[in-house]
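Have a look at these structures, which come just after this line.
You will see chain A twice below: alongside chain B first, and alongside chain C after that.
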Partner chain A sequence: MYQLTEHDLGDIAIGAALLGTGGGGDPALGRLIAREALRRHGPVTVVTPEELAPDSLVLPVATMGAPTAANEKLPSLEPVEELIRAFADAAGRRPTHLMPIEIGGIAALIPIAIAAQLGLPLVDADMMGRAFPELQMVIPSLAGVSATPMVLADEFANTVVLRSDDNAHTERLARAVCVAMGAAALIALYPVDAEQVLAHTIAGSLSRAADLGALVRNASRDHQDAAAAVAERIEGTVVFEGKVIDLQRRTEGGFTFVRTLLEGTGPSLGRTAEIESQNEHLLIRTADATLATTPDLIIIVDAASGLAVTTEALRYGVRTRVIAAPCDPRYRTEGALAVVGPRAFGYDEDFVSIVDRVKERVA
Partner chain B sequence: MYQLTEHDLGDIAIGAALLGTGGGGDPALGRLIAREALRRHGPVTVVTPEELAPDSLVLPVATMGAPTAANEKLPSLEPVEELIRAFADAAGRRPTHLMPIEIGGIAALIPIAIAAQLGLPLVDADMMGRAFPELQMVIPSLAGVSATPMVLADEFANTVVLRSDDNAHTERLARAVCVAMGAAALIALYPVDAEQVLAHTIAGSLSRAADLGALVRNASRDHQDAAAAVAERIEGTVVFEGKVIDLQRRTEGGFTFVRTLLEGTGPSLGRTAEIESQNEHLLIRTADATLATTPDLIIIVDAASGLAVTTEALRYGVRTRVIAAPCDPRYRTEGALAVVGPRAFGYDEDFVSIVDRVKERVA
Partner chain C sequence: MTSGIRVGIDVGGTHTDAALLDNGHVVAVHKDRTTEDVTSGIVAALATLLGQSGYSPTDLEAVMVGTTHFTNAFVEARDLASVAVVRLGYPATTSVPPLSDWPETLSAAIPWEWFLCRGGREFDGRPSTALDEAELIGVADRIRRAGLETVALTGVFAPLEPSSERAAAAVLAAHLPGIPITVSSDLGQLGFLARENAAVINSSLRLLARSTVAAIHSAMTEIGVQAPVYMSQNDGTLADLATTRRFPVSTFTSGPTNSLRGAAFLSGLSDCTVVDVGGTTADIGVVADGFPRETSTTAEIGGVATNFRLPDVVSLPIGGGSVVEPDSERPISRRSVGHRLLERALVFGGDTLTATDLAVAGGRARIGDPARVRDLPADLVSRGFRQIDDDVAAAVDRAQLRAGRPAVVLAGGGSILVSDSLAGIGRVIRPDHLAVANAIGAATGEIGATVERLLEYTDSERASAMAAVTEAARAQARALGADQAGLRVVDIEESVVPYLGGGRFRVRVRVVGPLEGKEAGVPTH
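So, the complex of A and B:
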């Protein structure tokens, strides 16, 4: 258990942007919102999953919407009371703790702001260990946990409560509501008890984000290779270095689709690589070979600073290094890959873990 | 109070199709569903608004979706228990009575089926006295009654509960959910008490539909002029007679838009008229003059049978008579016309009551 203050936010924002694999929106925005809330309401108590009492009711909270919309429209925390009240009405009780649903970008920081506002403790864990675009892609869903009762609330304090036995149905309905809410809703979903937190979440996510943030900050200060340090810390590898020479971007149904072309630099000189992103970076390949795919983490960092380049921030001319790192093992089962593997996103590829790809290359 | 049996359904279906002014879907389909329910569960008790106990909780129920979708996909009553349970969870109690929200087409018949299935009495009233495409267009909404808690349920028993202070927001959110549910949802909304039923609904709607249905049936049997009889009974007038010679139709966002061109016959010979429909028929005009507009009722009937021609059933070559009849006076206020008048639907016209139009012509 510790007290999270505004001084922790910088590192968490840097780390969450990295773990967000391009998605989750602009962490600087999330940091601003969280700082404002912590200044007004004081620090947030953070507990580990092991510290949860058995009768705890842990409620993940987030904003939902395309990163594009989130950047144009500051997510409003105004309706947070209505969000929690609607949840409590539906679930029969108020949550005892909050949690991030994913540790990517804004998604790591909004729960801090909401926890400060409500005076509720936060669990140091998330349900992905990264970011993914759809809500049935969390690890608890793969284990059969229902996303519902799920609540959405908008800036007018309109609330929507969804109930479904099928998390893919919930995703479809929630996405439609979110678009109708102007692509910026506050959401609460996947309520879990202490046992479920221990079994189906990724413990220590907030600490991991903070740790990565500090690593990048220190490497930058010490003129060290931040990308290499990050890759090492998350047991990943730098799979490509290059400059953005082409971008195709479209926003559709609450999603941002980007195809990025990199021209190799440094050790990648003479090659090009293509990255496919759907909110998150999902696949990187050269003319010869696929370098990494979802559900492994594909992280684009600015070559100079080691800071994450989000899907939104991808621009012509940006010099990048691309890190691939292994996802949580629970994402590598056949059942999980049907939901978060390359084919689930429309890429005609089998998943090969970055761990195995590296072994092959070394062998 | 009386017992509604399957023998009442034929006349109600005919009358509701007329009062539906083109909208509300195929009443034959609604009749089938209601007959099935009445056969299985027995007759439904129908009460007048005056017979309601003060602590009654009256819940309008309906299906939501474009008429097109309703015809392709039989509205499923399967999730009716989940619909009512979700409503009771949100409202704190179960309804004591059900009611149609509009008296148009399927909307008049589905509540009969649901009432039979649930064993609940039905109130002989509705909230429009006709049909309109959007849910904030009911008379209680004009008087400030909230549409929420509103519940939507689909064939998978997914439920969605909306809460909003603004019925136009509720419409927008519900429409998005409805489309995501495959454009065929079961809905419950505008819960009202006995006092609100007396103040803000149109009493006797079901009886009126049944009466009109009998009128058409008898006129047809006796080789009388059914259209003229209907027009007279609802204090309307036949404003045009003609054959459909052109149709433009598109379905968009859960709505069916149709522009119909009629070539005059009989007393309208030598003229053409254009009818604009958005689920319902909203405006009819000739080259010289507007003949009638929303919120007055524009009813297209088959010239031979006097049966209503729904927006969906409009076909090239159909010979029609067009009746215009005055809407409920509560729709004629300035505030109401802002919601249901011609400009609310994008037509650059002032509303002139058919009563005044007829007076002008006679004078």
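So, the complex of A and C:
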């Protein structure tokens, strides 16, 4: 158990941008929101999953919608009271703890702000260990945990409560409500007890984000190779180094694909690579080989600073290094790959873990 | 060709550069220390140019002024006005108050109060809450009673649908006569906080802009200049004085922009890479179609995130003051004697071996006392030159977006350190008049306009959607005084808007063209 203060936010934001694998929205905005809330309401108590009492009720909270919308219509945190009240009405009790649902991007910071506002403790864990675009893609969902009762609240404190047995259907309903709420809503979903937290979440996510942030900050201060340090810490590999030379987009079968072409530099000189992204980066390949695919983490960092480059910030001329790192093992099962593997996002590829790809290359 | 008789004056933090161009030819130049009050330096520069060239003030067809005056005032927190920060967004936006991300020294230097009102929009342009005139009249009353000198007005999603902001500005203006109001949608794109920051900075400079522009105007009148006067803007385009009085913030990053544009113009190339070697660093920037390529991230000014973009410049630790380590395979170290070159370099009687000493020993420069470097090993000199050439060539190559052999324009006093033939470089050009590149950049300014829209379209509708945004940008440029025939699209950005369902895109088109009545201008001479 520790007290999280505004001094912890910078590192968490840097780490969450990395773990967001291009998606998850702008952690810089999340950092400002969390800082303001911590200044107004004081520090937040953070507990590990092991410290949870058996009768705890942990409620993940987040914002849902387009980063473009959140960056323009800055949220109000006033409706969180109503969000929790609507949840308690539906679930029969109030949550004892809050938690991030994903550790990527703004989603890592918003729960800190909400916890400060409500005076509730936060669990150092999340449900993905990265970011994914849809709510049925979390690890508890793969284990059969229901996303509902799920509550959405807008800035007017209008609330909508969803109940469904099918998390993919909940995602579709929630998306429609979210757009009606101006493409930016506060959400609470996947209520879990202490046992479920231990079984189905990724423990230590907030600490991991903070750790990665400190690593990048220190590497850049000491003129060390930040990208290599990040790759090592998350047991990943720098799979490509290059400069963005083209961005293409296409829509096909309901998916909007963004393809980034990299011209190799340094160790990748003479080769080109393409990265496929939807919200997150999902696949990287060269002319002869696929280098990594979802659900492994594909992280594009600025070659000089080691800071993450989000999908929205990808532009011509940005010099990058691309890190691939293994996802949580629970994402590698056949059932999980049907939801978060390459085919689930429209790529006709089998998933091969980055761990095995590296072994193959060495062998 | 840049037509007519034009004067460019760039008032930097330390130096004021000026140049007179006759149909694109440099006829007279002037460089002096910047004066305390801006205008006396401008008057002196004009007098020198007219004296040198023999033209009379009435011969001038346009005068372009670039200045860091407003940037410096803001960064140093001098002469800043108090600001009423008005948001149209109730009940949203409360999680981040205005100026949250500012350094405390600056947010404390500007007296400000904020007012949250109804009247924001949603991502599709529909009203989130209706504008409330009575509420705004009440706010105007509170602003007047608080004695706030200016207003910065920012509406949620105003860049997509500015009508609420405009209506709110009209109500406030009617009840706050004489108080300058900055409307955020005039300052650009989506991204609420960065746009609000730009609006607040702009408002804080409005009173200074009023007096500065008046002083420039009266100085011109005094000299007898009848030609229109323009100010250089961040993106290398021009604004008239009335516009600058309203948008001083638009001049903020014009300095580095003018420097790159000027160097490119002097080289006769509209596409090139400029390598500016000074005492401490070599700064490398790319010019495409006469305009500097901009950074992908938004610029911080004095530690405040804004929605401006800066020219994308990479700095190498190579300059005339670089300290040389004779025993190293790469003798040019990362350390520099910096501005103490004139006392520390061997040729100037100092005790430190510098890159400048290598240049003298290698016969590339005749400065100081060559006898003091006569005994330097030839091998050390050539290793040093080779390292500089290799590092500069590699950095130039890294800066390119396409394969090929780019042309390099060398600028700055330290450029003698770079050879005329670099590996992988098309050609190396050392134009004349580089000392006044900033003034040339100002003198060759054009008119530009940028339009951004959030649109929904399918692949088959894409072309017509792009065409519509482009036409909106062209219309805006024409309204600003650009010549229809010379207008060209210099940038189209299309980005997917995620999480809103397929088919939604943000499209941003930028067009530029010469001032009306002048010939279209690809710089050749």
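One rule holds in what follows: the second predicted complex is superposed on the first by the 353 of 363 C-alpha atoms of A that agree within 3 Å, B and C clash if a C-alpha of one lies under 4 Å from a C-alpha of the other, contacts with A are read in each partner's own complex, and residues count from 1 in each chain.
We take it that a contact is a pair of C-beta atoms (placed from the backbone, for glycine too) under 8 Å apart; a residue touches a chain by one contact, two chains touch by 3 or more.
These figures come from a predicted structure and were not determined experimentally.
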### Query
Would chain B and chain C fit next to each other on chain A once aligned, or clash?
fit
### Query
If you stack the two complexes on chain A, which partner ends up touching A:Val258: first (chain B), second (chain C), both, or neither?
second
#### Entry: Which superposed partner A:Ala183 touches (first chain B, second chain C, both, neither)
second
### Task
Would you sort A:Asp211 into first (chain B), second (chain C), both or neither based on which partner it touches?
neither
### Query
Looking at the overlay, does A:Gly317 come into contact with chain B only (first), chain C only (second), both, or neither?
second
### Query
Which of the two partners, first being chain B and second being chain C, lies in contact with A:Glu6: first, second, both, or neither?
neither
### Query
For A:Phe156, is the partner it touches chain B (first), chain C (second), both, or none of the two (neither)?
both
### Partner contacting more residues of chain A (chain B vs chain C)
C
### Task
State whether A:Asp89 touches chain B only (first), chain C only (second), both chains, or neither.
first
### Message
Students often get this wrong, so check: with C-alpha centres, what angle lies at chain A between chain B and chain C, to the nearest 10 degrees?
### Response
100
### Task
Determine the nearest approach in Å between the Cα atoms of chain B and those of chain C after overlaying the two structures.
10
### Task
Could you pull out which residues of chain A sit against chain B in one structure and against chain C in the other?
156, 175, 179
### Query
Hey, which residues of chain A end up touching chain C in the complex?
23, 29, 32-33, 35-37, 65-69, 71-78, 113, 133, 155-156, 175, 179, 182-184, 243, 245, 249-251, 254-256, 258, 263, 265, 278-279, 311-319
### Task
Within their complex, state which residues of chain B touch chain A.
82, 86, 89-90, 156-166, 169-170, 172-173, 175-177, 179-181
### Message
Under the definition above, what is the set of chain C residues touching chain A in their complex?
### Response
89, 91-97, 100-101, 120, 122-123, 128, 156-157, 190-193, 293, 296-297, 312, 398-399, 401-403, 454, 458-459, 494-503, 506
